[in-house]
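Two complexes come next, and they have one chain in common, subunit A, joined by subunit B in the first and subunit C in the second.
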Partner chain A sequence: MYLSENEVRDIATYTRIRLNKDAVREMTVYLNEVLDGLKPITQYQLEGVEPTFHPIAGLVNVMRDDVIHPGFSQAEALANAPDEQEGQFRITPILGGEGV
Partner chain B sequence: MNFTEYAALRVADIRAGLLKGDFTAHELAQAAGDAYQVMDGPLHAFLQPTPGLAQARAEALDQRIAGQSCDAANRRQKGSGTLAPTGQARFTDTVSTGNAFGAHTNHSLLPNNADLRLAGVPIAFKDNMNQLGTRTTCASRMLENYESTYTATCVDRALAAGALPLGKLNMDEFAFGSSTESSAFGTTQNPWDLSRVPGGSSGGSAAAVASGITTVALGSDTGGSIRQPAAFCGVVGFKPTYGVVSRYGVVAFGSSLDQVGAFGRSVGCVAAATDAICGRDVRDCTSQDSAANFEAAALAGVEQGIKGMKIGVVREYLSLSGLEAEVIRALEDAIGHLECLGAHIQEVELPNARAALSAYYVIGPCEAFSNLSRFDSVRYGYRQCGANNLNEQCERSRAAGFGPETIRRVMLGSYLLSSGVYHTYYYPAQQVRTLITQDYQRAFASVDALLTPVSPRTAFSFGEITDPTQMYLSDVFTIPINIAGNGGLSLPVGLGSDSGLPVAVQLIGPQFQDENILRVAAALEARYDIERLAPLYQRLLEAKGEDAYRVVNKRQNANERQRVDEKGMQSNNNERCCPAGQQHLAANNPDPENERGRAKDS
Partner chain C sequence: MKELKAVLANWEAVIGLEVHTELTTLQTKMFCSCKIEYGAAPNTHVCPVCLGMPGALPQPNKAAIQSIVLAGLATNCQIQRRSMFYRKNYFYPDMSKNFQTTQGPVAFCMYGGIDLEVTGAAACERDQRQGTRPLASGDGYVTPIGIQRIHMEEDAGKMVHVGGESGRITGADYSLLDYNRCGTPLIELVTKPDLRTPEEARLFLQELRQIFLALRISDCSMEQGSLRCDGNISLRRRGSEQLGAKTELKNMNSFKNLHDGLAYEICRQAKVLESGERVLQETRHWEPSARRTVSMRIKETADDYRLFPEPDLAPYDLSDEFVASVRAMLPELPAARRTRYLSDYELPAADARLLAADNDLAAFFDSALLAASANTDGDLSASGLGGGKGGQAKSVRLVTLAKQLANLLLNDTQAYLNVHNFKLVDTSLTPEHLVQLAALVADGELSSKQGKEVFAQTIKEGTSPRDTVNHLGIKQLSDTDALQAVVNDVLARFPDKVQQYRAGKTGLLGFFVGQAMQATTGQANPQLLNEMFMQTLAE
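And now, the complex of A and B:
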């Protein structure tokens, strides 16, 4: 057992996903099963092996001239907003209510 | 053009036929629409058909070709030139679609001096690829109503090359899956056997090509999501080396693993499509310049053969638990064919490949967690109403908007990247990635390509694999090259002797030498006399009898009338050109470039 239900609840909180009790229980079983399958990674002798964060070796920074190009307009940026007001994203209060 | 004629056409046939005047792009778009009407009900490969977009582009293409022919005739009359050779024609176009967001994409139907290598080719896109005028849902409730405000580079390039966009295709939600069962909008069925999955995550792409609705489809491959569904549906699926095709505008899953590629019913088709979409893109700094000519490489495989090429086989793969006997037999047959072609078969070792699955299920979820953190219920995506504060709104929206597999993956990634855990899993996984990459480098020092299975088994039945960790095993042969970045191609080699379902082999090449893959694949393809088109259309016609025939015959009769009309006058009436079901869509979407029909929801 790698993770308890309490720990999974904490993970859900910082993943910003609200899970009910049953979902937490199912997720705990799943995560423990997967972590068991990831054992080979923890058992490898990797001393002195450099990590590869990107599959293509030898990439260099790609530079371009600092030229102004058209970007999203305000209307385009707001086109899929769940809610908007006066050309801005409208959200529920950041402060107030439970859970603050 | 009837379905048999339509489905027999390959990319090169379409290009040649259009320029010779054997048929029009308009007829191709109509034949595609007919095929969709007959088959997509039971198949459910499409989430959003775009017949209006296809028709508009077909008409622009036909006008351009007609104009080019007139110009050439005039030049010939004046003794000043001839039509460009087939497949090399370059046209100019002045049609403007008047889209609102022209700042980001060239929206001319056929851009000036377009190299029309996909002229008239019916194409459809996995629904994680943005295309103006469509919704891009990633088969998720989270993006159910998301309307693209720009076009992905791969889509843009395919359209600029003259392709006819038929619609957006079903997939596993956010590409998390191997069966398309995790789509929020219903499963796609395998056209060879409707009780079986088409594979995933690009299951809609594979099914749409295998059924014959489209000639080419694009998909994305993070751990096998092009190659495995191609194998399950008996079509060719090609994931080029990471960086060959721009990822700009493709909704990200694993940014160091994702690569766009093509499906087709022949090696030549996927080669032509890849030629059209590859190359550096300033909007994706990981994309690379490409001097490759994949179509020429495929042609070379057929015309010049592969005598003397060295093909590696990984003996330890054959003893893997769960590998079905018919898959092993198919691989051994392919080895025999390669030897007959004069290739040298050589055993190679990939000792660290066994750790690839573990490394993938660390790296993939971590990158997915990072990428999917953008769905915050503020800027776009699903918002759950009634929350008391922003934090609660975000938590509730993500819980309701994401499906179960997506939640599993982001939860896993979130945990693996957390403080203290990072050095237990994530960092070692990236070190293992180095070892896997070195394995391939060593192997390719002595061979030109590798031959492996694609999937341990043929297509499974719906609901057969319910344990997510068992599902992950179906990608055991495809995942290692996403870890290493190499290109790979799934080549169908016939129906399995036990299951009667498509079986495929995988060809893998050195990084940025994907021509090797296309060359060997084309040579090997020529050795097999197999059917790439699933028998769905025929079966449906037999099952439905006259009802289904009526749809097609009505269209064919209308085509005949159209030809007669056009002799007397030039017609630009879009609605008259649409099949019955499409007229409804066209009526709801009078602007063909603003076609936002509701995603099908089953």
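And now, the complex of A and C:
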């Protein structure tokens, strides 16, 4: 067992996925199976090998010049806003409100 | 609650700072080409990237990476060639893509530090037996302050909470969002917990601000929020090595608030500990008007932000050429400038500190002395003006001139700028004119009072001091023949006072000089008069 049911519940909370007790138990089994699949890696001699966990391979130092390109107009920016006021996005209360 | 001084006699405060600086001198944001502009109409500098729209791809600003490397080099950090960006996930409307792009375990700049000079009354607040060395001037100490890292990230949007209790988020009816600031390049500097007093924290932030201003990477306005500071603080008994529980202090948006907030928090923690209770690990908010800190939230565990490598941004492997090209952009830093002013011009320490701290004044000072060396006799040009390479022989004249010049800049000029709310460039004052005036005063052609009169004309009208002197006919009387007549006249008018003086009442000298000054409508050289009266009366 790599992950406990408690840890899986925490992961579900972070990812905003609501899981009931049965689902947590089921997911714990699945996730541990996935991690089990990585076991062969531990058999290799990996000392001094740099991690390659970045998905972009071969590309480095991608940068652009500091030159302005206009983006949206205020009207375009607010076009899909649920509500607006004086050029700003107007949103429901963040704490203690009903939410959207 | 006990006073800070009493508390620090028994307790040692351990303080670390987190300093956020917006790179306001850049044209565009960190990951998109939207303009950076403070005070623009809301949501007029936004695009799919900084609004967090699906599918938008970020592109890092090269000038921002140059700026942070510059900041790292200026604070003696090691530049990490290999680093990358991460996503720090959180759900809050000020960042609509639901994560802040920031750096992970490796930042662009790591393991640096600066030497901090602490002078003045608050120097005694620190136990100086460890980690400090005394200043040569004898009025304080120097202590190294370590910098853990400086990493690159982006600022969030601006929120206004409407309704409820005075702009607070709790109980607000709704909130308004402006994303113009969202995505502004931000560098976060984290110090080691090396600071020991509120004064050290204040001076450190001031020094850092001066460095960043010299680098021209930010306008560093605490008022407008382009320079922000949080503090971590804990207490331990003097002599103890163990760290106590710390609190994080927020909302210290001025140098005074930083000092006062930390001072209050030190006293509060001491009271808690001395009553046998424990300090809770929490975030506290400094309320300047009530002069207290209040708890915002108790921290049980570190927040879990699900930090992971940003898949849309390529990692960095900075080349030696890139770092070298940034190093070549390094200007003279305030500390080096200060040392140069002390060693090359023998300025008083306070003057050197004030001048070196202000880019505009320092540049003006340097070019004024350069102008002086360009059009005077050999004794000035031989003295290594402005170059700061050191080693050249100092000329007495240069030292006199520099002192006079510093005086004119720090007193007269500064006062004028303050009154009119001007910057130096807004006035007609030129370095050439100011050094000309400094020379007139230094050579005794003008009294310092007359110097002020001419200065007022020079800075207002842009006229040369020499022309003003000729035009207004103000000139210090230094002609000994003419003055001797005045001296004789005064002595003849007050025979009783002369008798008293000769009987030992030498304090009357000032009276005689005053009379002579009056007789010449203030134009005589008072120092010269002093000497002449003494000599004449001794005859």
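We take it that the second predicted complex is superposed on the first by the 61 of 100 C-alpha atoms of A that agree within 3 Å, B and C clash if a C-alpha of one lies under 4 Å from a C-alpha of the other, contacts with A are read in each partner's own complex, and residues count from 1 in each chain.
Basically, contacts are C-beta pairs under 8 Å (C-beta built on N, C-alpha and C of every residue); 3 or more make two chains touch, one makes a residue touch a chain.
It should be emphasised that the depicted structure is a prediction, and the values quoted were computed from it without experimental measurement.
Applying the stated contact rule after C-alpha superposition, one finds that A:31 touches subunit B and leaves subunit C untouched.
By the touch criterion defined above, A:79 lies against subunit B but remains apart from subunit C after alignment on the C-alpha atoms of chain A.
Of the two partner chains, neither subunit B nor subunit C is touched by A:22.
Look at A:64: by the touch rule set out above, it reaches both subunit B and subunit C. Residue contacts after overlaying the shared chain place A:55 against subunit B and subunit C alike. Shared-chain residue A:93: touches subunit B and subunit C both.
Contact with both subunit B and subunit C is seen for A:14 once the two complexes are overlaid on the shared chain. Residue by residue along subunit A, subunit B and subunit C are tallied for touches, and B comes out ahead. Taken together, the two structures place residues 14, 53-56, 59, 62, 64, 70-73, 77, 89, 91-96 of subunit A in contact with subunit B in one case and with subunit C in the other.
By the touch criterion stated above, subunit C contacts subunit A in their complex at residues 26-28, 32-35, 41-48, 50-51, 59-65, 84, 89, 92-93, 160-161, 169-179, 304, 306, 309, 311, 313-319, 322.
Against subunit B, in their complex, subunit A makes its touches with residues 3, 8, 11-19, 23, 27, 30-31, 33-34, 37-42, 44, 46, 49-57, 59, 62, 64, 70-73, 76-77, 79-83, 89, 91-100. Touching subunit C in their complex are the following residues of subunit A: 10, 14, 53-56, 59-74, 77-78, 85-96. On subunit B, the positions that touch subunit A within their shared complex are 100-101, 103-104, 145-147, 149, 241-243, 256-257, 282, 285-286, 288, 354-355, 357-359, 361-362, 369, 373, 376-383, 387-396, 398-399, 402, 407-408, 410-412, 414-415, 418, 424-425, 427-435, 437, 468-469, 472, 482-485, 511.
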